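Below are two complexes that have subunit A in common, paired first with subunit B and then with subunit C.
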Partner chain A sequence: MAGKSGRTISATPNRSFLKTVLSWEGALVVIFIAVLVAGRIMSPSFTLDGVMFMMPQHLCQLFIVFPMAFVLIMGEIDISVGSIACLSATTACLAANAGLPLPLVIIICLATGVACGALNGFVLTKWPELPPMIVTLGTQIIFRGIAEVVIGAGSSLKYDSDNLSPFATYLGPVPIVFIVVIVVAALFMVLLSRTTFGRRLYAIGSNRIAAKYAGIGVNRMRFIVYALAGLMAALCALFLLTQIPAVKSDEFGKGFEMNVIAMCVFGGIATTGGKGNLFGAFIAGMTIVCLRIALGLVNVNDNVITIIIGVLLIVSVLISGISQILARRKLKNKT
Partner chain B sequence: MSEELILELKGITKIFPGVKALNNVCFQLRKGEVHALMGENGAGKSTFIKVITGVFPPEEGQIFLEGKEVKFKGTRDSLAVGIAAVYQHPTTYPDLSVTENIFMGHQIKKGPVMDWKSMHKKAAELLGRLNADFDPHAEMGTLSVAQQQMVEIAKALSTNARIIILDEPTASLTANESKELYRIVKQLRDEGVSLIFISHRMEDMYELADRVTVFRDATYIGTYDVNGITTADLVKAMVGREIKDMYPKPKVEIGDEVLRIDGLCRMGYYKDVSMFARAGEIVGLTGLVGARRTEVMESVCGITKPSAGKVYLNGEELKVKCPKDAMDAGIVLLPEDRHKEGLILTWGLGMNVTLPVQDELAKGRIFNDNKRERELSRDLLESVDTKAVSIFDPASSLSGGNQQKVVVAKSLAQNGTKVIILDEPTKGVDVGAKAEIYAIIGELALKGYAIIMISSEMPEILGMCDRIYVMCNGRVTGCLDIAEADQEKILNLAMLEKGKEAVS
Partner chain C sequence: MKGFLKKITGNHEVSLAIILIVLFIVVDILSGFTFHGINNIGEIFKNNSLTLIMSLGMLCVLLTGGIDISITGVLAFSGMSVGMLMKYNVIKNVPLLFAIAIGIGALCGLLNGFIIAKGKVSPIICTLGAMYIWRGLATVVFNGEWASGENVAAMSEFGNTAGPYIILAAAFVIYFVVMKWTPFGRKVYAIGSNREAARISGINVDRVEIAVYTLMGVLAGLAGALSVSLYGSAQPTMQDGKEMDVIAACVIGGVSMSGGRGTVVGTLLGGIFYAVVYKALPLVGLESIWQNLIKGVIILAVVIINVVSQRLSRRQALARREI
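On to the complex of A and B.
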């Protein structure tokens, strides 16, 4: 069955260098460099070694940025990740304090995270009408509540072993956690941009019904992604324990979900789904980490830093919002 | 109908950035006439309507109302002089009552408070005038599309409109509902209202219009007396070329039975549905809207679960748990709603086409093989003659007919397909593209696919199908061979159980 008109359709992608530079990711790279330069000017301690030294405690949250990006690209949200980190850290502490060997501690910690994420996934796929925001708000309270029951309100559970210390070391000037983050980032980027799995995520986020009609197991994908978010929250908890070897139920991982969502949105991932990529989210995350370090070095109050990041977030959403409005106007004028 | 003009537009040009949406167009509406406005999608009809109602002020040209020049700055101005439009998709508030919808924007007030009593009374009067059988207190969302349209017409009348514009009013109506609409239109005409009627359906035009104006590519082609022009000439005027055969159905040797549906039930939707389709055969599935035709086919394709009954493919029982199972077995569905179910509008055409088969094409079934995907999608899109420049064009940039071709290409992407189910394949598609889609369907039958075509359009069912199943209220009420089928028989079967309760 050949086309009667003999019309041909081009299958060559139209990539232009200018378009890449002018994209939001391009702008983020510029902002990132600007933060580095500004940091260097403001503080003499803002050197490579200095940044690398300060980095580990801020970097852990980046582990959750990647699966959160997946959740957002599907057009959903998971605000229980901070609590999952808290509960996973709690089970890790209990396991270590019971004298279990390190591999077992790690497995227990990660299994806790996966179980929590899977619970989110189970509820949301069993009753697909439920809004993810509300379900994960519920589990956010539940998971942290369990940790509080175990630890006891107000008290802190110590991680009574130094077997995690190898993870807190440096390879040359580079902290181990940074290397792990880079590896994880690379894996998630390949998963999202090069595999059928990633394409399915975008399909679900762009048009869930059409995705279903195209034979995509939408609920299976959702379950996997929520479980993955749980797993990465536990990994985050594990590395956080190498920095702060104690868990307080009302502090550990508190507010991580919002920090992480902020990094994703700043990185150009639309909360409405189907848009954005992990390179943007990663650079945005690194920008916020370096900004925190730089402002910390010049003794800016932590709360002020939070305000600055909040402003940054709104400005970034505003910019993408304005470009969307302009694009829509262009489209509207056409029809 | 008098010769007196109520509305005249002269030399209207409307420019959008980069495109001339209307190019020096003129139009004359006589007092008390029904004037059809026809043309392909993108011919400029909708823009023209928006110029008349004041949504888009034109760059050039004049509008005369009863000989006096008028200038509209917005819909408020046009409403004030008695011009109202009823759109294809009723733009209503589903949670509000019929009365509230009718008086939205021009509520009757007693001092500062709403005078609900008079509004309900007036609404009941208007609905009575239209012979509507529902209560003005009813919630809008509980009404059918046809009833909602009636509310829209009542709304137009409530503003004392002298000119009513109907934009594709019959597109989502059944044959019977269309008849009811015809009656209303004729009644309004007899009461002295002038109507502009946009439609893709020839039947509408012949039934209602006195004169017809044709637009093509943003230009005015001509105005004709409906009785003085043949269908062929009219189509030629719209499309710009001759369509020799609207339903080019090739002679196909019909093969063995491929699909058999046996006693399929889904509680609350349909009951005891049995039918079969053979290789190379085009089987029609028709009935009134709400006859549950789509629901049956969705169950066959694994989108919903039937509660009883069996489906056989090539004699073997098929167990379908999800859409993927059906696709793997060789059954593909082209859903009715292209925007919602068929396409990811923000994506390029190519990725839309290969979405169902990306696993099969991927390296090691994991890594996307972009090169193979692009080549396959380009070949498929070319094979169905899609009007597009690149496979990277977003699906939203195409016209309805071309979007439908993309959906067809998508359904052809996988190997091993045996049954193709088309749900209203030409809905919202203009005349030229319709003929092309029929040609594609004919070629698919020639290639040996068993084809099931759900359609509410009688001419296409009678023009394309070999056998026709008719459904009513969730049951198959009859199966007609094309040799014995005619419009009357089909309609009788489609309304056989009317009044009986739906399947529960």
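On to the complex of A and C.
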């Protein structure tokens, strides 16, 4: 015990094995395994090969989960990522159709994403009083609007080249996308839990003013995180193009922001900031991906899956809310 | 003169109203004085009636510092219920159908409010989940069916009368009175300004919060039935993504996302603002394809201008104090 507040100084909790299993991440792993087992029982084609085969089309959204987790940990929100994916896919298509070589196409696509994210970051750091939800709502409409003007309403822009096909291949049974997702996940996890950058994110999310007085460049951090979100949205768009080689302004990446936020929150990241980790978000994302694959295999309507995700989301947050209330009541009774 | 200017720049509603009037006159001149006709204005209100009605509920939700993004899901579910009841000739009575839609909406809203107030779940997450659930149910419960024009003929007839206008006007008058002159309205503002202070001064915060979300549900359900009667059809995907329009209308109208600030009049102006700009676009030579892009720019511009003017007035206030 240290200080009057009765809190220990060390921020890193010293967890026992039992506590880890009982924590939210432990519960998620159990749920994840339960989904896998249930999928195996329900459908005979839910094998390792089958799952790996179905995975790429569902997996792309996972790229955005990691930067979105950063944004949420700062206590903010970014609902423009789906539109950023749409716009960067549009520029990628334009570049490829103009006959540019693949590296240049990739650079243009990613640069578009970073530019969009940087615009979010610029507006939010120039006028920090603005609520992120409204700014990214505005840019969400703008980015998709630009794509609409370029492509034309209702029509679709084809990706007229097969130079993206190496990204759609498999390394043994494992799709390339999955490997890239794992690598990106590892990078982001290290960044969040092993670097000062990550610690600062938690600091900003827990108490922004204190973080500022502690010498953290809050606005610089926010700018970087929003640009990062743009970059990963563009990466998601690139891999999505390997699956669907055409962009429609009102369909490509639509609703991604909400799916991704749902995955983060299901993974135990609080939207109020300062809480959660990427392992939880990653497992939650994988759980939802596998759930979609399993239910898709047994021909369950896509909307049923949507309902299940909605219920999971509310129940998971409700459990933590109720447990907090109970813990507070217990504490009150003690005193 | 100086006092007059200060009044204009200091009050969001007044400046928005002036911008609207100027815009209106410019559009009217550009269109060769065809814009100010009663039919045209009626059209504007009718085309935006869903956004306008739901923005009233959203105003209250935002005033308490919350947010509700499940409204179009609730709208779709209640609208589909109405459409299906008519399609299979269960009920053909229009007022009764409206009542059913409102009842469904109220239940959905009550559920949201209960989870948010009693379960201490953050509003955006609870309503995000609810959005998935109701939107999904709108397809699953009715097997993905649609109700087309001839199925809902009675509702469409109602949509062509003065009914929608009366509902719209009544909703605004009721909300104006309630928010300004009743204890309930004052409580909503109190909670948004300072939740702890409101609790300590004896306001039952949980109960007011539940009421606010329930009212939001009521309006979303009403909008569901109204949508069926205005568009003459019911689909599970109806008004998908329009919840953001509702939030944007409120924000343009000067409602603060952090709670406690915003008025019914501002919300109304914010809702109409879009509509007039839309009508103005073709007149200045921009095709309708630019609409979405410009909508986004307007949202950003309005919130940024708002912040800049607030900073300016704060600086002026400081300067005056120094003298």
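As a working rule, the second predicted complex is superposed on the first by the 315 of 335 C-alpha atoms of A that agree within 3 Å, B and C clash if a C-alpha of one lies under 4 Å from a C-alpha of the other, contacts with A are read in each partner's own complex, and residues count from 1 in each chain.
Keep this in mind: a residue touches a chain if its C-beta (ideal position, glycine included) is under 8 Å from a C-beta of that chain, and two chains touch if they have at least 3 such contacts.
Bear in mind that the values here come from a model prediction, so they are computed numbers and not experimental data.
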Ask   = Which partner reaches more residues of subunit A, subunit B or subunit C?
value = C
Inquiry  = Contacts for A:T196 in the overlay, against subunit B (first) and subunit C (second): which applies, first, second, both or neither?
reply    = first
Inquiry  = A:M133 in the overlay: touching subunit B, subunit C, both, or neither? Say first, second, both or neither.
reply    = second
Query = When the two structures are overlaid on chain A, which partner does A:Y213 contact: first (subunit B), second (subunit C), both, or neither?
reply = first
Task = Mind working out whether A:V311 is in touch with subunit B, subunit C, both or neither, as first, second, both or neither?
result = second
Message = Touch test for A:V123: subunit B only (first), subunit C only (second), both, or neither?
response = second
Task = Figure out whether A:I261 sits in contact with subunit B (first) or subunit C (second), or with both, or with neither.
result = second
Inquiry  = Just checking: does A:I142 make contact with subunit B only, subunit C only, both, or neither of them? Give me first, second, both or neither.
reply    = second
Key: Contact footprint of subunit B on subunit A as seen in their complex   = 1-5, 7-14, 194-199, 202-203, 206-207, 209-217, 274, 330, 333-335
Request  = Would you tell me which residues of subunit A are touching subunit C in their complex?
outcome  = 77, 123, 127, 129-131, 133-135, 137-146, 148-149, 152-153, 254, 258, 261-262, 265, 270-272, 301, 303-307, 309-314, 317-318, 321-322, 324-325
Ask   = Hey, which residues of subunit C end up touching subunit A in the complex?
value = 67, 115, 119-122, 124-126, 128-133, 135-137, 139-140, 144, 236, 241, 244, 247-248, 251, 257-258, 288-297, 299-300, 303-304, 307-308, 310
Note = The answer for subunit B against subunit A in the complex is residues 16-19, 46, 303, 322-324, 327, 333, 335, 340-347, 349-351, 355-356, 358-359, 362, 365-368, 374-375, 377-378, 381-392, 410, 440, 443, 447
